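Heads up: the structure comes next, in structure tokens.
Chain lettering (A, B and C) follows the sequence in which the chains are written, and residue indices restart at 1 in each chain.
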């Protein structure tokens, strides 16, 4: 390197200048990015923790702490494994209040992503929170805040079937005002497709997760550090 | 870029003001339209996006102006892009650290600042030729002009489309929001309306100038 | 998102969430090169090609950076690859069709700063598409971009003969048209549900 730099011919060639400049700029920018990344990393992680916790505590009423698990086809795995992350939520005295799971389905405009709380003791859904959607403002976006619609999920029936490999009743959205059973979701008038998306997302997720969770309930019944908390 | 001197420019008030009005990047040069249309469905988003873009614009312009004599002509665009991408990554992490909600609202458009032609345009047409302090002032002006444009869209769209301004209700309670304004077509319509307004103002001014010039000759 | 059918991904990228009319990506070339149908068509194809290359490269970059745990360099890598892909297309067109090269003019190198391309790379990452899904997504996005450009060019060719007030000619009129097109494209929403 120093040999090349000291020969005047090489120093003046365009190719060398181009490589030198680009190399220097790339190194500087790399350095800057790494510095900022290292500095903001803990702050961002903390922000994300707070955001997740707020959402989890919102969909599992009465919860004040959580531990993370990973749901795989064979059952629960400790946090950090490959698979779907779920959040077991506990009350102040360490009693399991419910499990928060993420789900998603195609809505009117794009994918609707949501978090819902499943209570294994009553085998029902206890609350939902829409995480991400681009549904039509004034119509479809009501799924996020319409009180009558959200009331569907106060105790949405999600019992296991006799064989224990799925739900006894498919969770479906029905037209506004036609709800007759506890496993049905009363759709918002004028936003049927968005409401159906929410019901489908929860149904698809629970058909898989509920049997697994019921089977592995003992492992998450009390808060341990096995799953890995924060 | 008409009217831009090729030799180094003297610092004046005009260096700053030009970006706000005469060479406003959005309304006059029609550059960087994507974020202007995409993130202006609320005033808050517009402000955040304007500030983020201004930061990247100023930081990259200043750096490019500093090292403008060291960059060989052949690799200048590549160098500019790497520098811009670096600052955008910095802003991206900074916004995530400041507020996740804001980050989610702006979505991919923070990272898309890289592809904002205003910034590369400034680097190529101004920062690579001018001295440090004029570049600083000029890029601040351009950033302010860009933010102004974002704001003028964001406020109109939020007030008409949602009946609120910065989240506070400003319209009468029985106001029926024009939902289309916060949907994609609204972005095109509002920007089109602003351009129409400016074109009309310019036409009127030109006509008046013409009349003033014409009057003495007639007499 | 796993399990999305390929046909749906294509349709979603092409019309439901059209890159130009619903996501506001690539507005500069959309307004700049849409005055003639032929130019619009060629520009659309060039963009489609760059999109394909960038989409595949972005997939590879994600894999490499993921392995090395260097995700914070993602943006810089994307833009560098896109810039090179554009150079490639530029040299290719210059060699095989100088007339096309002239008609595209400044907008050819400007594909680099076409946010539709960078947006494509970022969105496919955010949606966690696998390789085949990414390629289909790129094809859909490119097709949607070409479609929007062609529609606009067709309208503007007609508009040249129309008698509109002088003050509204140019960019303002084009934006109003784009708004109407965007309104029409909103009708595609709900196709996937």
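Quick notes
What we mean here is this: contacts are C-beta pairs under 8 Å (C-beta built on N, C-alpha and C of every residue); 3 or more make two chains touch, one makes a residue touch a chain.
Remember, predicted model here, so these are calculated numbers, not experimental data.
Ranking A-C and B-C by contacting C-beta pairs places B-C first.
Closest chain to the protein centre (all Cα atoms averaged), using per-chain Cα means: C.
Distance between subunit A and subunit B, defined via averaged C-alpha coordinates, is recorded as 35 Å. Measuring from the averaged C-alpha position of subunit A to that of subunit C gives a distance of 30 Å.
As a whole-number value, the distance joining the C-alpha centres of subunit B and subunit C reads 22 Å.
Among the residues of subunit A, those touching two or more other chains are numbered 29, 33, 37, 136. For subunit B, residues that reach two or more other chains under the stated contact definition are 78, 82, 85-86, 89, 93, 183. The set of subunit C residues that touch two or more partner chains comprises 72-73, 76. Contacts from subunit A toward subunit B in the complex involve residues 14, 17-18, 21-22, 25-26, 28-29, 32-33, 36-37, 40, 43-44, 47-48, 51, 132, 136-138. Residues 30-31, 33-35, 37-38, 77-78, 81-82, 85-86, 88-89, 92-93, 108, 111-112, 114-117, 120, 180, 183-189, 191-193, 195-196, 199-200, 203 of subunit B are the ones that touch subunit C when the two sit in their complex. Within the complex, the subunit A residues that touch subunit C are 29-30, 33-34, 37, 104, 106-111, 136, 193, 196-197.
Interface of subunit B with subunit A (complex): residues 70-72, 74-75, 78-79, 82-83, 85-86, 89-90, 93-94, 96-97, 99-100, 104, 161-162, 177, 179, 182-183.
By the touch rule above, subunit C contacts subunit A in their complex via residues 1, 4, 8, 12, 16-17, 72-73, 76, 127, 189-190, 192-193.
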